[in-house]
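By written order: A, B and C. Residues from 1 in each chain.
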Amino acid sequence: MSDVQNESLFEAPPLAEQTRMVEAILFATADPVSIKELTGRMPHGCNPVEALVHVGKRYEGRGVHLVKIEDAYAFRTAPDLGYLMQKETVEVRKLSRAAIETLAIIAYHQPATRAEIEEIRGVSVSRGTIDQLIELEWVRLGRRRMTPGRPVTFVVTAGFLDHFGLENARDLPGLKELRSAGLLENRPPPGTGDVDEDTNDDQADMFEESDE
Amino acid sequence: MSDVQNESLFEAPPLAEQTRMVEAILFATADPVSIKELTGRMPHGCNPVEALVHVGKRYEGRGVHLVKIEDAYAFRTAPDLGYLMQKETVEVRKLSRAAIETLAIIAYHQPATRAEIEEIRGVSVSRGTIDQLIELEWVRLGRRRMTPGRPVTFVVTAGFLDHFGLENARDLPGLKELRSAGLLENRPPPGTGDVDEDTNDDQADMFEESDE
Amino acid sequence: MTNSDTSEPDLMSVSERVAAEALIVDVGAFEGPLDLLLMLSRTQKVDLRQISILALAKQYLAFVEKAKELRLELAADYLVMAAWLAFLKSRLLLPPDPTEDGPSGEELAAHLAYQLERLAAMREVAAKLMGRDQLGRDFFARGITEDVQRVRKVTYTATLLDLMQGYARIRTKDNFRPFVLDRAHIMTMEQALERMRGMIGFAGDWTDLQSYFPDGWDADAVRTRSSTAATFAASLELAKEGKIEIRQGEIFAPIQIRKRLPRDE
């Protein structure tokens, strides 16, 4: 960069390099960045003001541009493209425990009727819970069960698999696997030895049929 | 594109405009955006693939650039400028040696069963190791292996690729060398008869395309 | 242990020293026998494909011997490996027995070498992987994401762990029986009261309190205690209501009750 050895330590990087730096800092920082902060973060001798002018020019008329907020700078999407951002405006909330359990039962036992879900959970399932899962498009109606009353069954959807990163609901580990893989909270029920061997078998059975 | 009036309603914006759009959408999000999602968000008739080529070129060598993760795209700061961003660094939970090795084994042998991981490391996978990798969203469940017991398998996620700056699993460092040295084979110990032929096939499939 | 193999004497001494040092540090520093073997094999300073399994087996066995001498606790898998290596060593040293089938010593040794090479390779790529530029450390995602604004649409999320743990919770909850008192051997005062109300009308004469106990309850100590307490408390309640009279001859003497007669009678 320079042949003056001592000087080179403190010599400021070329403007093009400074522009890159400003670009990266403004991109990655969570808040608008002031000149003072920029100066503090860039190597000694840099002049962020000049670099900012270049950055500003570079993004003029682009999909993203440089804006000044009080005495700080940030990148913002061009206002005329704001409509492209609308889809993303979602508030994410954690699913309730009742809903997670209901979903888990459907995923592990599908197709499952409401009565079956209630039997496994040991409490009644409110209408709203299943509705919510259906609305999330994680659960849909399956075939009616050919038993008296022909109850509706529920199955999980492709959207469910996608969300949980599964290729197939059958890939979900059974209880024994969960435990041996250390995926269960390490909270063995007090005083019980080996638990519910048959639970797993149930599940194995259930997947067996689906094989053909 | 066409002089039919009705059509014009759906005429795609010019490429320069599409480039701006892609720029804005990718700039606004932290997570990679897939081509499908881009298409869904852009006006009818847009072709994000072409626009992406332009965006990629535009940001080449800049402080921020375009990266590809599987079929999704994102802007990331240039790695050589990482030192400017100390403040942004999120304290990543320190992974244990066991977790790092397990992660590597899953990445290079995927889909990998727990038994395979244990066979390679020569010790059992301790409770919480895979759990931690799943929680980091670097590992997810793959298809069950079609061998006796139908064990659960683990594969790495797009989040893993994003984190380590890989476009896809075939770009893992040293993968080719390992494969040609035969170190990714599932070689059964002598005298145990031939074990799960298809184990290997699975993996071969996964990386097959990269061979040509 | 003969000189039939051509192990270099100085190499052995080096490895022995290393092994001894390792012991002094901590046996627990190794993640199992394979880890230890890999470390020992490194002392041979050759390509893993060309390590002398025989020398390796000797080093390992020496390690285990030394550990026993120092009374260090060795996990079972270390001892299993020691037994296996001793077996392997004998197979490598003795001429092959044509009547015996099963894998030859060379095959077993080759597999062990393969395992070690594979583990070493995995370690190496793991290190390479961690040495890569990482998101959030060396390169960064957008800091100000703009996608949270405007039309609020609530969506719900859950992770795979939530799902699996939720399922496990349901399937194991039968084991978490809420704590309840065992009531089979307990008589409440309400029960005693009800029982006595039905019987008291017939008690014209002084009767022992014990005779009001339910049938069979005097056989079991717990039941006797519970019914005594309940019946006594119930009789006090009845006395308070003016329904009965209570008397006791002296301390610890039996308590007797009788229906209280109307004053005017």
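Throughout what follows, a contact is a pair of C-beta atoms (placed from the backbone, for glycine too) under 8 Å apart; a residue touches a chain by one contact, two chains touch by 3 or more.
Heads up on the chains, UniProt names are A, B = Segregation and condensation protein B; C = Segregation and condensation protein A.
It should be emphasised that the depicted structure is a prediction, and the values quoted were computed from it without experimental measurement.
The chain occupying the central position, as judged from C-alpha centroids, is A.
Centroid analysis (C-alpha atoms only) places B farthest from subunit C.
Averaging Cα coordinates per chain places subunit A and subunit C 33 Å apart.
If you average the CA atoms of subunit B and of subunit C, the two centres end up 36 Å from each other.
Mean C-alpha positions place subunit A and subunit B at a centre distance of 15 Å. Within subunit B, contacts with two or more other chains are made by residues 27-29, 75, 77-78, 85, 88, 131, 134, 140-141.
Residue numbers of subunit C whose C-beta contacts span two or more other chains: 140-143, 146-147, 159-161. On the side of subunit B, the complex with subunit C involves touching residues 27-31, 74-79, 82, 85, 88-90, 92, 95, 97-98, 100-101, 103-105, 107-108, 120-123, 131, 134-135, 140-141, 162-166, 172-174, 178, 181, 183, 187, 189-191. Subunit A meets subunit B in the complex at residues 19-25, 27-30, 41-42, 62-64, 75, 77-78, 81, 84-85, 87-88, 165-168, 170-173, 177, 180-183, 186, 207.
Listing the residues of subunit B that touch subunit A in their complex gives 19-25, 27-29, 40-42, 61-64, 75, 77-78, 81, 84-85, 87-88, 114, 125-131, 134, 140-144, 150-153, 157. Across the complex, subunit C meets subunit B through its residues 31-35, 77, 102-103, 107-108, 110-111, 114-115, 117-119, 121-126, 128-130, 132-143, 145-147, 159-161.
Residues 140-144, 146-176 of subunit C touch subunit A in their complex.
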